[in-house]
Structure formats: structure tokens, C-alpha cells
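Here come two complexes built around subunit A, the first alongside subunit B, the second alongside subunit C.
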Partner chain A sequence: MRFRHLLLWDMRFQARYGFYLLYGFLTALYLLLLVSLPQSWKKNAAAILIFSDPAAMGLFFMGAIVLLEKSQRVTSFFAVSPLSALEYVCAKVLSLSAIGLLVAAVLAAAAGCPSLPSMLVGTFLSSVFFTLTGILIATKITSLNQFLLATVPVEILAFVPAILHLFGIAPAFLRFFPPNVCMDLIAGRGFSVIGLVFTAALILLLFVAACRCVMKMWISAGGVKL
Partner chain B sequence: MKAIRLSFFHMLKLVRQDRMLLAAGLAPLLAGTAIHFGVPFAEKIRIRFTGLPAILSPYYGLFDVFFSSITPAMFCFIAAMVMLEERDDHIDRYLSVTGLGRNGYIVSRIGFPALAAFGVTAMLLPVFHLTPLSVGAILFLSLTGSLQGVILSLLIVTISSNKLEGMAVTKLASLMMLGAVIPYFVPAPFSFVCSFLPSFWMGKAMMEGTLLYLLPSLAAEGGWIAVLWNPLCKACR
Partner chain C sequence: MIQVNHLSFRYTKKPFIQDMNFSVAEGEIFGFLGPSGAGKSTLQKILLGMLPNYQGSAMVNGRECKNHGSDFYESIGVDFEYSTLYEKLTAKENLQFFSSLYKRQTRAILELLASVGLENDADKRVSDYSKGMKSRLNFVKALLHDPELLFLDEPTSGLDPTNSRLMKDLILAEKRRGKTILLTTHNMQDAAELCDRVAFIVGGTIFALDSPHNLIMSKGAAQVTYTWLDHGEQTASCPMDKLSEDTRLHMLIAENRLQSIHSSEPTLNDIFMEITGRTLV
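Entry: the complex of A and B
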């Protein structure tokens, strides 16, 4: 019950601050772009668009979400409530993934994606990975500029190998690299089981780290250890 | 003027603490290097491997337009983020009632970064350009690019009421730069649907090789700034 309320609250929060409106507009724009591209380009273009935007929105927005919660003193209330860090992290991950999955499904349908379930799994895994990374960074920063700068290495490390892999110009061993596994799933090209295991292990590790960081942020709210 | 200068240096200090100043200094150089060396190299490699005719070189002018938009967008975006932080912390209203005043605050946060972006773009464009550019063209691209950066800042600060909305607006506002692509790919008169975008005229000027489009570009930018000025004054009250 508590988790459901938190999840709904997060979704309302995102709706109030225009996430759904923004992604509605961006989806329309991306659709226009996909429609105007030659048929042979559509699938790869859709995979890049999905991986770099709706799937990665957690990384882009998490800094602003956490900083706004801090400035509104919401984190202080979380600290004294029975809410656990795991519930907080799960609510963030699921609420942001929901938008990502919705947008990705529309774009994939427009591009004639070969396998919708595979694409949705890939988008979900990417979204979880990027949102958790966003939470890890957001709990340690004090300004938006700091956050934006800190996300640049993650973006380079995740996007460059994945896009090179999509075009088949990345070294073969990188097919086990989690962002590349996600890209394979999004593009509907099959995947390696070892890669999927690596991805799950990385996500688990990020979950644990994100929960610890959130807990640390809560107990040190206001600069005093509670 | 002293208050404005001090306010600007205060912002630089804040940005330097976040190491964003270093990033802002390096980013134009990295982007310029990637465009000047990376794009022709990628084109050469592609032609060698596929044997197909050139597909990027007809659009080198477009890369020059993007380069002239990147530095101002980055400078003004950083300043807009500082303004949003100051608004969330209620510092902006305190600054506005000091000797700095509301207009001084706006000039120090939007005007000075745009001026700096103009200088940096005008210095780097002759180094990193892909197409032959006259002094007039360099000044045209630097000026219109910087004013586009001002519009980006104004949009972020006026439409959004906090950091989170600011990030959402940033995502949308940065699409303004894509107007430069329209004259290359959409035939007239349909392309004129996007004539309200300054970048449209920048793209058109590069495609047709005439600086006459400076006038409609400046008119479009003036229109945007005029429309956004009152909401900005209200937002900074």
C-alpha cells in the first residue's frame, strides 16, 4: 500500500512538472523524423532514439528531481517516515520506466520493430540502469551543473559503445557490455545469455549502491547526522 | 556597472566550484576539433569503404552553423541553471533589491554570458570552420548564435518555475537549433513554416551563401526576446 502510494505520488509529481507533456511532444517529433527517414534507416534510427532518450530519461532528470526534493525538504520527511530506501528507489525506477516504455512502444511500432517484447525488455533494462546511475550521482551533488557534468562520462561510456555496436563496428567482446546487450534487445537482434547475466548483476549492484546512497543522503539531511 | 560585473564574477565563482567553468572552456574546443577533423575524416573513411559518393560534404555549412550555436547554447544554459538554482533558493529576489537591480541581475546572468559566447565563437569559428567563411559570415554566425543562446536562457527561465521544469524546457528549447536543418531538407515555400526560428535563417544563409538573411534572423531573434522580456521581468520579481 505504502509503495503504491509512493509510486502514484512520483507519477503525479512527474505529470505536474510536465514530463508527460514533454514526452508527448518529443514522441510526435521523433515520429515525424522516423516517418521522413528511408525505410532501411528506420530500425537503427528508432533503436538509437529509444536508447538515448526515453530509456535514458532517468539519467537526465534525476539530478533535478532529487535537488528539487532536497530544496522542498521532502527528503527530510522521508528520513523520519517508515519508508525504506528500496521503496524510494523502486518507485523512481518504475515511474520513470513507465514513461520510457510508453514512448518506446510508440516509436518501435512506427519504425516496424521486429520484436516488440524484446524491445520493451531492452528499454526497461536500460531505463533501470540509467535511473539507478542517475540516483547514485544525484545523491552526491549539490547543484544542477555538477550533476550535468557528472553524467557526461556515463553518457559517453554507455552511448558510444552501444551505438558503435549497433552498426557492427565495436569489438566482439563488447557484446557482453550491459549497454550493448540492452541495445541488442531494443534493436530486436537477439542477445547473449552471458551478457544478460552481466546486465542483471550490474543492475543488482547499482540497486544496492543506490539504496545505500539514498539512505546516506536521508540521514545526513540538513547537514546533521540524524 | 560595477555591481553587474561583481554579480557576473560571483556567478563564475559558483560555476567554477562545480568545475563547469573548465567544462565550458573545454567543450567548444572539443566540439570544434570533433567537427573540423572528425567529420571530414568520417566522410573519407565512409567513401573509401563503401565507394558511394559524398553525403556529408554538401552539408558542411550546416556543421558550421551548429558549431556557432553550441558555444552560446552551452554558456547560456549554464547561466540559466544558475538562475534556476537561485530562484529555488530565493536568492534572485534578494539580488534584485540590492544595488544590482533586476535589470542588472538579468544582464549579469544572461547578457554577459552571451557576450562571452560571442567572443569565443568569433575566435574559434575561423579555426574550426569546414566551409570558407568571410569575416562578415563569421560575425553573422557568432552574433545570431549568441542571440539564440539568449533566447534559450530566456525560455528556460521564464517558462519553468523550478529546476525540474527547467530541465524539461531545456530539452525542448535546444530543439530550436534544429531549425538550421530545415532549408537543406524541406523545399520552399513549406520550409518557411519554420521561419520564426533564428536557426532557420542561419541555415538558409549558409546554404545560399548570402548574408542578407542576417536581417530576418535578427528580426526573429528580436521578436523572441521582445515576447519573452516581460515574462522574464515578472519571473525575476
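Entry: the complex of A and C
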């Protein structure tokens, strides 16, 4: 019950802060871009667009969300409420994934992606990975500039191999690299079980780390000055 | 409600809280008084289950704080000194959101807002609130889930005299409803007025623990100070319990020559300084 409320409130906050409006606008922009591209480019272009924006939006926006909560000291209150770090992290992940999935579905349909379920699974896994990474970074920083700087290595490490892999110019062993596995799913190019196991293991690891970091942030930011 | 026995805690090798012992009964208002860095916040964090690496025992509601479960905070309300509200949401939305975090039945939001005079600002965004309005909203947020134990940090800080009075009346009303209240304040007048007992904390140690009245009375008798005219204004003081022995005062009263007379008791702040050798700043 609490988790359902939290998830709905997170979506409400995101709507209030204009996330849905922003992504409505971006979706229209991306659609225009896709329509203007030659047919043979569309699938790869859609895969790159989906992977690098709606799927990765958690990485970009977690900094803003957590910094906002820190600045309004709401995190202090979470530390002394029945809310668990797991519920908090899950709500953030799912609420941001919901927007990502919606935008990705529209773009995939417009580009004529071969497998919508595969694309949605890929987008969801990417979204979870990026949002958890975003949470991990956001709990450690105190300004938006720090956040932007700290996300650059993640962007390079995730985007470059995935895009190279999409065009078949990445080393073969990188097909098990989680961002590449997600890219394969988004592009509807199938998946390997080993790759999925690696991806699931990485996500699990990030989940545990994110929950610990959130709890640490609540206790250090919250309650310290009682 | 709270039982602390031989509690010690250290952040580094040096002990920060040393062998603390006290208990707080159900329905009591208990005040923590001490200068910054005295250990009040650390003590509260231990009682709130946020610092589990302590030695000794700290029991809240019959449960050891370091072993608290997920429902521990269902019966605890915390009012921080600073605002912990979403600025972009209205007061009502904030309370609706924070209500949703609790399993237990929460109190009626509009009634709570009315109790602090915010019923007409319920649909106003918190970013448009003044500091005093935020303080009042923050306070009722701590009451939302009708907790048995309340931690209040400087609840009257930043409030004008009218709202400060309103807040103190609300705190006393919660006490009448059977709530146990732990109060941290620098305001000695508030502590003397609200607390059943206070603990003076300095350097992680409790220096004194008693009711404000007993502390004041045990450390200094009330004085009577009087003035009269005799080649200019003259002033003299006499302990209240030695008044009958002050012949000059008797004479001045008999001759109707007193210009002024008033009694004064040491304040809780005086007692704090006398016992701990420190000020509360």
C-alpha cells in the first residue's frame, strides 16, 4: 500500500516538475528526426535515441531529484519515517522507467522496430541500470555541477561500447557487457543468456549499493542536526 | 517509555557520550538542554535508532533502539528545527504525501491545519509560506500519524510571540492526550514552562536532571531587592528566607520610605551556568 502511494506520488512530483511535458516535447522532436531519416537508418537511429535518452533519463534526472529533496531536507524526514530505502529506490526506478517505456514505445512504433516486447525489456533494463547509477552518484554529490561531471564517465562507458556494438565494430567479448546486452534487446537483435545473467547481476549489485547509499545519505543528511 | 542505562557512544576513539542513565515516563515532557556539541543530537539519533553502534542500553517503547524493526517509526513523530517539506506542493498535498508513508490511521489533515491556524492556506504552495507558517506546518506533520512519542527540536524557534504561545499550547495539549515528548531547546523560558523534567547535557554527560522548579530551588534562594532614597537612590538585597531578620527593610516599611521592592529567582539559565560552568550558546 505504502509503496503504491509512493510510486504514484513520485509520478505526481515528476509531472509537477514538468518531466512529462519535457518528454512530450522531446518525443515530438525525436519523431520529426526519425521521419526525416532514410528508411534504412531508422531502426538503428531509433535504438540509439531510445538507449541514450528515454532509457537513460534516470541517469540525468536522479541528480536533480535527489538534490531537490536534499535541499528541501525531505531526506531528513525519510530517515525517521517507516519508509525503507528499498521502497524509495524502487519507486524512483519504476516511476522514471514508466516515462522511458512510454517514450520508447512511441519511438519504436514510429521507426518500425522488429520486436516491441524485446525493445521494452531492453529499455526497462537500461532504465533500471541508469537510474540506479544516477541514485548512486546523486547520494554522493552536493551540487548539480558535481553531478554532471560525475555522470560523464558513466555516459562514456555505457554509450560508446553500446553504439559501437550496434554497428558491429565492438570486440566480440563485449556482447556480454550489460549496456550492449540492453542495446541488443532494444534493437530487437536477440540476446544471450550469459549477457542477461551479467546484466541481472550488475543490476542486483547496483540495487544493493543504491539502497545502502540512500540509507547513509538519509542518516547523514537527515537527523544530524536535530 | 524511554529507558537509558549506561549508554556510551564514540565517533572516534574518544567517547562522545559517557555512561548516561535516565528514563522518561509515559506522558512526560522531557527537555534536553546543552550547548552545541554537547551530545544532544547524538543522543536523539541513538534514541531514533539511527546510530546502532552504542554500548549500554537505550530502550524506546520497550524495544532496544539498535534492533528496531520497520514499524519503529509508526509510533514516533519528529519535528525538526528546519522545514522538511516539499516546497512545490501545497500544505495539504505535503500532509497527504507524508500520511501515505504510515500504515496506521492518520489524523484529519484539515483539522491539524486548523489547529495551527493554517486552514485558509491549505491550498497554498509551501514555497509561498513564511518561516513561521513552515514551522507550524512542520509541527503538525510530526503529529500526522498520532505518534505516542514526539521529538521536538526548537519548536518555537522563529515564531512570533502569538504563534509561540499557540505552539506551546499545542505541545501541552499533546501532553494532555498522553503523548511523551522529548524537547530540545535553547529557550530556557520554554523549557521551564513546558518540561516536567530537564537534563543538562555537556560533553556527553548529564550534569543534572530534575524538574525545572527543583533545579531552581535547590541552587539558589529567591532574593528580594529594594530601593529607597537617602542622599540619592540606595539599593539592597536580602534572601527571601531571611526577610524577617532585615531590620533596615522593616524600618523602611514602617516609615513608608520604600521606592521599589521586587523578588527575583535565579533562572534556569543561571542554574545551568552554575552547574555546568557553560552557557547555552
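Points worth noting:
One rule holds in what follows: the second predicted complex is superposed on the first by the 222 of 226 C-alpha atoms of A that agree within 3 Å, B and C clash if a C-alpha of one lies under 4 Å from a C-alpha of the other, contacts with A are read in each partner's own complex, and residues count from 1 in each chain.
As a working rule, contacts are C-beta pairs under 8 Å (C-beta built on N, C-alpha and C of every residue); 3 or more make two chains touch, one makes a residue touch a chain.
This structure is a prediction, so every number in the text was calculated from the model and none was measured.
Contacts of A:153 after superposition: neither subunit B nor subunit C is touched. When the two structures are aligned on the shared chain, A:74 is found in touch with subunit C, with no touch to subunit B. After overlaying the two complexes on the shared chain, residue contacts for A:2 are found with subunit C alone; subunit B is out of touch. By the touch criterion defined above, A:82 reaches subunit C but does not reach subunit B.
By the touch criterion defined above, A:61 lies against subunit B but remains apart from subunit C after alignment on the C-alpha atoms of chain A. Contacts of A:219 after superposition: subunit C is touched, whereas subunit B is not reached. Look at A:171: by the touch rule set out above, it reaches neither subunit B nor subunit C. Looking at the shared chain after the overlay, A:26 reaches subunit B, while subunit C stays out of its contact range. In the superposition on chain A, A:114 contacts neither subunit B nor subunit C. Of the residues of subunit A, those at positions 17 touch subunit B in one of the two structures and subunit C in the other. Remark: subunit C residues 40-41, 44-45, 48, 50, 70-74, 76, 78, 80-89, 97-98, 100-103, 141, 151, 153, 184 touch subunit A in the complex. Contacts from subunit A toward subunit B in the complex involve residues 17-19, 22, 25-26, 29, 60-61, 63-65, 67-68, 71, 143-146, 148-149, 152.
Those residues of subunit B lying in contact with subunit A across their complex are 14-15, 18-20, 23, 78, 81-82, 84-85, 88-89, 162-168, 171-172, 175. Every residue of subunit A that touches subunit C in the complex is listed here, in rising order: 1-2, 5-6, 9, 13, 16-17, 72-74, 76-77, 79-84, 219, 223-226.
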